[in-house]
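As written, the chains take the letters A, B, C and D, and residue 1 is the first residue of each chain.
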Amino acid sequence: MQNEWLYIGIFLVIGIIVPIVPLVFSRLVAPRKPNPIKQSTYECGIETVGDSWVQFKAQYYIFALVFLVFDVETVFLFPWALSLKQLPLFVVLEGVLFIGILVAGLVYAWRKGMLEWA
Amino acid sequence: MMFLNDPINFIAGWMRDLLTGWGLSNGLTTVIIYFIGITVLIVFAMVLDILLVWVERKVVARFQDRIGPNRIGPFGLIQPFADIIKLIIKEDITPAGADKLLFNLGPVLAIASVIILWAILPLSSKIFGVDLNVAVLYLVAAGALGTLSIIVGGWASNNKYALLGAFRMVANMISYEIPMVVVLLIPTILADSMSVQKITQAQSGIWFAILSPLALIIFLISAIAELGRSPFDLNEAESEIVAGFHIEYSGMKFGLFYAGELLHAFTFGGFMAVLFFGGYGGFFGLEKIGFFSWLNNPFVQAVVFLAKAMFGYWVIMWIKYSMPRIRIDHMLAFNWKFLTPLALVVLVNTAVLSKVLAGLPNWGYVLGMFFSNIVIGFITVEILRAYGRKQRKAEAKLSPQSAQNQEQAA
Amino acid sequence: MTADQIIFLLCAALIIVSALMVVTTRKLIHAALWLVAALFGVAILYVILQAGFLAVVQVVVYIGAIAILFIFAVMLTRREMLDKGAQTRSNWWLPALLGLLILAGLIFLIIGQPAFGRTAAAMPEGVDTLRNLGTALVSPDAFVLPFEVASILLLAALVGAVYVASGNKE
Amino acid sequence: MSIPLSWYLILAAALFSIGLFGVLSRKNAIAILLGVELMLNAVNINLVAFWRYLDPVNMAGQVFAVIVFAVAAAEVAVGLALIISVYRRRKTVVADEIDLMKW
């Protein structure tokens, strides 16, 4: 158990180091002659107007919100899925009830028109 | 012959003897062996990644009736290495006003989130990183890091298009993560485990693709969306937002995003093989017959696994290069109004049936699972057809002209 | 000093430093990303505690969902708050003092209890915590009620949040 | 496992205090919620540590931690929705300026 996670930990460290290697190498061999024009923000050739903080649709937030709730609930279903084999049928139905409540939330958001890109 | 039957443990045992012989402690030896093993595995993944660049370019060329790279080396095989040299010696431009550290962190996280998936990818019964008992959720967790890399990269670029692309991509990825997580529950239920090795072994008799074809289809769609590949590639829709979140990236940093995407696609092909096509095994019991016992050799299994993964990758490419891009509102509606409910229905069906059919003989279980999926699929198609008819009628009321056109077309 | 103690201390240092950055950084986006680092440190802590499932859930839920939601919220409201001016109240030393007092009190209490000096017993053989967790969450004589109540809580949160955020179209 | 239980408890206490400081000292409402997240995580560290050190067979501690995850998610969803809603009406996310209900 512990050794498995030690492996994952070392993997994570090396997995981050490996992509840094070509970046460092590129830094050493690539030319670097920055000038203001080159470094200006790319916007199809015209000058940038204002800062990059344009107003975003709040709709993005709504989707993230629905996602958050669903994500938490589906993650809880994993322990349930693992204990299915040992439990009687009506316990399985408890999980189904859980999913049913989840769907109720989806139906509400749908009815409210929150899933529309309006 | 030890080496041929269990190569990793053979080498590890040999090195353990060697290192402890030098007087190193047991724990340190473990760390060193892990270190070497992981480095070899990651280097293998990266070399494969470089070859994937060639595969991708060659295959897309064939789809589009071209030849593809064919100048440098036999069949253009050296081309990807030339590409890398080009990317490395290109000037790396950091835009003014960019958040330097985060700007560099973006591409590194992007490829790291893919590489760490290889820790749990079972190449064969004996060649694999680690057999985690929460491997399926680990897959989702690595995806979370990928999402983070995109939002970091898009934000640090200090560019409107990059930020907009990052927003779109993240909305896309997180939305399609829901059906994916739901569908990942189905192999978990069928194999009664989250470990990829156990899921693979549970499919030695019958593939989960046959027990639950709908789950496979949903997984494929959500995997493509998670990858941000066409038809879900509006994060980089050239005609609208130029190149999306990596607009300001150049040189090797762009190369890392690109390499990450290719390796991600291949890795998801691999996971599709593990979860639905029996991974390195799944020969329908063939390997138990004496004559075919060579199928149990870890090297043969690894070849089988890589072939299946390449098939999954090829399907993803096939879809990518034949489909037009979908509009963002359609894409999100497709996920929340169609894919997520369908995935939940399939999940409930699998959970209840796996309980109800448990008493039946094996063929009854398989047939029950398969036909329940077919019935659900049929009902879904019928509902979609009725909905489409209604939409067409509503449209016909609005403009008689277009209705006539449709009548003729039908 | 054993190996796992060193890992624990490194992890604790990561958590504390990131947490301090969360509450002091001026740029809110950076604060949200430091929160990600702190939460990742907590995930490592769960691994050390042999709660692998919770570690992965921590990454999936906190980093994959909650942190993303925070970043979205920061970006949506950012226009007016261009990270200029003081991010903390003028009398920030008062909360700092309060925090330090609470910390000192808690440490005093914890050190005073000899029972807390114990180390963990080895995990009993053959216990599959993951499966036990699943059984505990749905079996009627354990925690099925909290499990279902949690789903109702999340439903209520979804309904409420969607209603509020949609701005009920005045 | 040679780590004393008190280490975890002290770490959790420190995290809790830092979170409390963040909640009380920050002006921006979103930053206040960030502090709340730190405090919730401190609670979770305690729960899981007690589970591991006192009763690893019975899953009560982990179940509690899982419920805290759900509560944290609900809190973030509603809290940020409120902040965004207020921001849309009043164009501010500074907690002190959101004082319509004060009187």
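Of note:
FYI, contacts are C-beta pairs under 8 Å (C-beta built on N, C-alpha and C of every residue); 3 or more make two chains touch, one makes a residue touch a chain.
Remember, predicted model here, so these are calculated numbers, not experimental data.
Under the touch definition stated at the top, chain A and chain C share these contacting partners: B, D. When you average the Cα atoms of each chain and compare centres, the chain farthest from chain C turns out to be B. When the C-beta contacts at B-C and at A-D are tallied, the pair with the greater total is B-C. Here the chain at the heart of the shown protein, by mean C-alpha position, is A.
The distance from the centre of chain B to the centre of chain D, with each centre set as the mean of the Cα atoms, comes to 34 Å. One inter-chain figure worth recording: chain B and chain C are separated by 29 Å, centre to centre, where each centre is the mean of the chain's CA atoms.
Rounded to whole angstrom, the centroid-to-centroid distance between chain A and chain D, based on C-alpha atoms, equals 21 Å. Mean C-alpha position of chain A lies 15 Å from that of chain B. Those residues of chain B in touch with two or more other chains are numbered 132, 137-138, 140, 163, 167, 170, 174, 177, 194. Among the residues of chain A, those in touch with two or more other chains are 56, 58, 60-61, 64-69, 71-72, 75-76, 78, 81-82, 95, 102, 109. Among the residues of chain D, those touching two or more other chains are numbered 66, 69-70, 73-74, 76-77, 80-81, 84, 88. Shown are all chain pairs that touch, namely A-B, A-C, A-D, B-C, C-D.
Considering their complex, residues 1-11, 13-28, 30-31, 33-35, 37-38, 41, 44-45, 48-49, 51-53, 56-60, 62-63, 65-67, 69-78, 80-85, 87-89, 91-94 of chain D touch chain C. The part of chain C that touches chain D in the complex is made up of residues 2, 4-5, 8, 12, 15-16, 19-20, 22-23, 28, 31-32, 35, 38-39, 42, 45-46, 48-51, 53-54, 57-58, 61-62, 65-66, 69-70, 73-74, 76-77, 80-81, 86-89, 92, 94-96, 98-100, 102-103, 106-107, 110-111, 113, 116-124, 127, 129, 132-133, 136-137, 142-143, 146, 150, 153-154, 156-158, 160-162, 164-165, 167. Those residues of chain C lying in contact with chain B across their complex are 3, 29, 33, 36, 52-53, 56-57, 59-60, 63-65, 67-68, 71-72, 75, 130. Here chain A touches chain D in the complex through residues 58, 61, 65, 68-69, 71-72, 75-76, going by the rule given at the top.
In the complex of the two chains, the chain B residues touching chain C come out as 27, 102, 132-134, 137-138, 140-141, 143-145, 147-148, 151-152, 155, 163, 167, 170, 174, 177, 194.
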